[in-house]
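Below are structures written as structure tokens.
Both of the next two complexes hold subunit A, though its partner changes from subunit B to subunit C.
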Partner chain A sequence: MSNITPLKTEAEQAMIAQGASIAADRKPAFARFADSGLPHRRIEAYHYTDLRALLKNAPPPAQAGGKVTIASPLADIDAYKITLVDGHYEASLSSTLPQGVKLQSVSTLADDGADEKGVLSPDPVIALNAAFSESALDIEIAAKTELTKPIVIRIVTTGAHASYPRVRVNVGDAAKAFIVETHEGGVSGSLIDSVFELRLGDHVEIDHLRLNLVDQSATVLTTFGGAMGRESVYRGHNFVMGGALSRHQIFFRFEGEQSKADISSASLLNRKQHADSTLVVDHAVPECQSREFFAHVLDDESTGVFQGKIIVRPGAQQTDGKMMSRAIVLEDGATMNNKPELEIFADDVACGHGATVGALDEDSLFYLRARGLPKTEAEALMLRAFVGEALEKFEHDGLRDTLESLAEAWLKARSA
Partner chain B sequence: MVAVKETVEQVKQLDVDQYRYGFTTDLEVDKAPKGLNEEIVRFISAKKSEPQWMLDWRLDAYRRWKTMDEPQWARVLYPKIDFNDSYYYAAPKKNAAPKTLDDVDPAILDTYKKLGIPLREQEILAGVQMSKVAVDAVFDSVSVVTTFKEELKKAGVIFCSISEAIKDHPDLVKKYLGSVVPVTDNYYATLNCAVFTDGSFVYIPEGVRCPMELSTYFRINEKNTGQFERTLILAEKGSYVSYLEGCTAPQRDENQLHAAVVELVALDDAEIKYSTVQNWYPGDAEGKGGIYNFVTKRGDCRGANSKISWTQVETGSAITWKYPSCILRGDNSRGEFYSIAVSNGYQQVDSGTKMIHLGKNTTSRIISKGISAGKSQNTYRGQVSAHRKATNARNFTNCDSLLIGETCGAHTVPYLESKNASAVFEHEATTSKISEDQLFYCRQRGLSAEEATALIVNGFVKDVLQQLPMEFAVEAQKLISISLEGSVG
Partner chain C sequence: MLEIRNLHVAIEEGTKKLLNGLNLTIRDGEVAAIMGPNGSGKSTLSYVIAGKEDYKVLDGEILLDGKNLLEMEPDERAAAGVFLAFQYPLEIPGVATMTFLKAALNAQRKGRGEDELTTPDFMRRVKAGAEKLGIPQDMLKRGLNVGFSGGEKKRTEILQMALLKPSIGILDETDSGLDIDALKIVSEGVNALRSAKRSFLVITHYQRLLNYIVPDTVHIMLKGKIVRTGGKELALELEANGYSDYVTNAAA
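So, the complex of A and B:
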């Protein structure tokens, strides 16, 4: 009954109170958030992740100067490091960047997701970030720069507060880079709402890894907005293990012809974790190719959500899009909600999607057990193969090994 | 790939300017005053001489409806409907309680003749028809005639209008009406509860296989009139019934509202097959006029081993908002949904199904084929869910859509929700998952992968469509030959 204005929840009221003294340039974004409040199940994009019901309280915004006590999971990887602590740039934990890469810490970035024209979509979680993010990183990778080492951006949360990290990376034409975004730290009561924007020129080749390893009691909402020029390649990898409540949004748009994007994701969830992967791939121009592969493993009473949408705009002929979502539900208490969507306005295209939800294949399990493997080991072997499909496209050996050992540890903990 | 030439031509024959049922019949009518309020609800109930409990039920629904909002989630755009701007009851005057077919106004009989619907039993028996079909003919707000009543009675089958059922079989109606689609279900269903005028009632007793096909033919004739029909089909233990529904309306410039509710209940081992050929007036080539078709159809597989199958061929209506669903409550029950939706001109279709798996070992299958041309938008929206206790639930979904031209859109919005580890759901748009064995067999005999797939899927749909009686099947038959070539998602 929308003719009755719903009361604001405690969390919403707290967030609105926090916004009372907000800087003038962030007021429009704040107004948009205050107007809509937290998204709830009757908002289609949040049908399976009702933030109004799930977010019980709004912790106070974090101050600069938080102390990092945890080690980076990627400490052994030879990489350029950039660290954001509670959303604030921390120079002492960041390395010198190579030639062709410039970094600037600014107070605000222009695209706040106010309209469809920006890289970021109008979305309440983005509006919330735009309203409260007090500092942002603006990274510029110059044209023709070819980086040999990955750039690792650590986004660390130190306590029970709200942080709003914001990063923008501009990649010039014909550049080549590997960008890693890790979400770490957090405690019960932490709220992380991060926005990462990637603008890619023409003829670029980019690998992008997003790693959610925050504490299993924290709340983490991450948004990635990408736009790419012509004849370019984007490979996105997502790995989700952390967060009591998490949502990972991807908005990717093709702006130049003959480009390719390959986006994969693996989520390993247990206990009462709720993880939502929401993906929108927008084929705005003709002759582009996209591949999406999302895998979920759900144990105990966890909940997995996959919402994927491929949009083919009018005139985007010769689009080739394929989206696949696979989920393994290990226990009766676990839930998987799948919504793979296609929205197509051009007739000469090849688009498809598939989605499966099910248990591990009984016959294969039987086969392995007949060969003497105990049940848990047989299951672990099959799950390893299942997750492996999402990881195999990874071209950086060191990072792939790290991810594989993280998955291994998760499986071991399960069997124990 | 682009659509092949044959397909383009076949779809053209179904284009909005080819609508063949757009004529009107001039009749003197008995109408309710324009508008919607409690008085109108009382008026309809009084016209039908309904008992008090029915009136109370309607009034309760009306009061609830007043507090509800129109759903916004469907992918359809239309100006806000002024519910006070149409008539909620219109009945031909000369047709007051006809006893036999001879009492029916010849103008109405003529209308059905023009539409190709056989109402005279002897004509049907004369041998032109493939099989016998009993017809309930609903004209605007009333059922004008129901054929083969006597013959059906011998088998124990009750087939009559819902108004008669409320009078003659109040216990059955009281027990089942609103038990599948509750009064509070959704905006249009609640509106229907308040103002439904007529529709069909079917009761198949235990162990009876209904001796003939049953069908209802809906015709909207009056200007500015909404049609709100209500259908209730009950299949007792071990019974079987096949029911079909057809609909047309005259060509008019204003939009007319059609909000129906269909409830099916299948008890242990019963089977209900429900087929629809929906051909309401779709509006003209500029998108003017046409029927707004907001329909709630739901079947409840209440008993073990029961089966409900929906088949729909959708070519009409300016807007279609329709999700025939199955609640798979009984253990081992089965739900099926086969759909072909063709949209042209400015038509907007948002249709699909829901398969709610509640019982153990329940299975469901969804095959949907959407074809959009002109400036139309065609959306498949389907939900498959497994309850925590739905052990071994299985679903297979396949939806293909085809676009003809650059100005239309085809969309797929499936929802798959599983809360049970042993449930297996497969949703696909790619053709590789159709039975590998069958594919292999066909390919061994020299067919290409695409030909083999087309053969299998078409053969599958054909199976169902061929069971429709001739007069309904003409359109449907045309569609099945449409190639799968160039299909997406």
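So, the complex of A and C:
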């Protein structure tokens, strides 16, 4: 621990103190975190989300046994349910899983992103999770399993503490599944640092929805790492409304040829929310296609961040990657930071990116108002269309209705 | 009745006046045509009546049935009975025409203190209106005006007007970009809406439209005001002689 210097912030010192008696198998991850501390603005990947400055204190780690008092936003959806409370698996709030799906609650999944063969990348937030996560879920979906109902994984936070949810899902060849992650609950003083890994075999077809609905006062850092085999399809959707401070990192890697990934995201932010979406799509093999579409609606004094990078490795010929970020800024006090990047090391590829930031079109608003729509209603109609673009690829009708009504409630609250 | 008195308008104070002491009265049931060269302020007038925020009204008033439009938001003006058929209807991607029509109709009813329409009632009205204007049902499912031809956009404007039943319909160069067949359909649509209670302000460059929508009065506009008023024959006179007489007179 000789590398701990007085330069650490109060929050960092508290986190390091919490790790004093950490189990041996998590010591390497903890050492990596203790070494780097919280990432700050001089670390490029955290330039717009300076955690060292933004995290003022480190709440104590959560104990098992927290009581869930909120209803699931997806209570009406016919699904297999798995619940994690403050990072701990809660069997009483989970349903029996179907044939072909196995769940194991384990004490640790040691990958902290340092292992190059893993689906994660070296990152202090992942190292922190790997160090402190005391309970992890390992889910196995056997080859050729075709699930007819979604698996909904509720990740619920019950108090002003730190929780480190950790889930890994392995999907065997030729399986089909719809996996939903909901992040819920939390209060001012909650710190959530969750890591979700998805390892996909060949010929799979996977839909993955992630909902950030945590309380608007909580801090929520989430990482998704995905790796996919050949001739597979992954459709990922993100929906962000929660958190005073949130960062969602996506690391997605193509490991087999002729696969397709479609990743879309909609963030609806208001008040002083800060939401960061950071994406790295790694085309490590040839002939894969990726589409990334990120939409932000920023009201009041909120801040949105989109950092998107498409990497095309040497030899990943015939890569087809297109990334788009669109943001609507509704008030002068709101800010959007866009950083799209392409890193291309192959010469026969079709890659592109685009980013737009702007207000709602004044002329279009006037047109709608001239037809009798009050200003907020005209804005709502245009915003619904804007967000709709990110939701339109969504194939589950019931879940799409839920997302639409969440967006609707957000718009209604705005005009109230 | 629409009464415009001594209307002075500029983009902002101190800049060139786009409307410069304009007076115009349109009685209930009257179809008034305004003709004038480019830059005479015709479209500005239509936007100012409808409430576009890009303009500053320096003086004057606009009354619709005695109510002061200048104190109202654009949506309140619509609820009060103003309808502007745009020269260039905006394309709004992602908002289905049908969704928009329903929102507009209900917002306006709400503004007037009326109940929302039931869905079957709404569908019946749209279907009947669309049929008359030769608008296929499919088009109504597409994004508002997105990918519509010029003629389709103008027909959709008239459909909106037919559904919203304004007390004054302002047609801003509705004939621009229309071929003769589309012009006839649009004109028939407008003529079908003529009534003793509803008046129209038809803004156009060309006399051609006025063969199909026959006006009661014709006003010639130049440099932000009405310089001459007459009957429908005034349009024919203009067609023969052009605006040059007025331009020269005004310059003199």
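Miscellaneous remarks
In this text, the second predicted complex is superposed on the first by the 408 of 416 C-alpha atoms of A that agree within 3 Å, B and C clash if a C-alpha of one lies under 4 Å from a C-alpha of the other, contacts with A are read in each partner's own complex, and residues count from 1 in each chain.
Simple rule for what comes next: contacts are C-beta pairs under 8 Å (C-beta built on N, C-alpha and C of every residue); 3 or more make two chains touch, one makes a residue touch a chain.
Remember, it's a predicted structure, so these values are computed and weren't measured experimentally.
Contacts of A:Phe386 after superposition: subunit C is touched, whereas subunit B is not reached. By the touch criterion defined above, A:Glu44 lies against subunit B but remains apart from subunit C after alignment on the C-alpha atoms of chain A. Looking at the shared chain after the overlay, A:Lys375 reaches subunit C, while subunit B stays out of its contact range. By the touch criterion defined above, A:Ala355 reaches subunit B but does not reach subunit C. Of the two partner chains placed around the shared chain by superposition, neither subunit B nor subunit C is touched by A:Leu54.
Using the contact criterion defined above for the overlaid structures, shared-chain residue A:Asp363 touches subunit C, although it does not reach subunit B. Comparing which residues of subunit A touch subunit B with which touch subunit C, the overlap is empty.
Remark: subunit B residues 1-3, 67-69, 73, 388, 401, 403-430, 433, 486, 488-489 touch subunit A in the complex. Across the interface of their complex, subunit B is touched by residues 1-3, 44, 314-315, 317, 322, 327, 329-359 of subunit A. Put simply, subunit A touches subunit C in their complex at residues 361-364, 366-375, 377-378, 381-382, 384-386, 388-389. Of all residues in subunit C, those touching subunit A in their complex are 50-53, 73-75, 77-79, 82-84, 86, 89-90, 92-95, 99-100, 103-105, 107-108, 111, 143, 160, 164.
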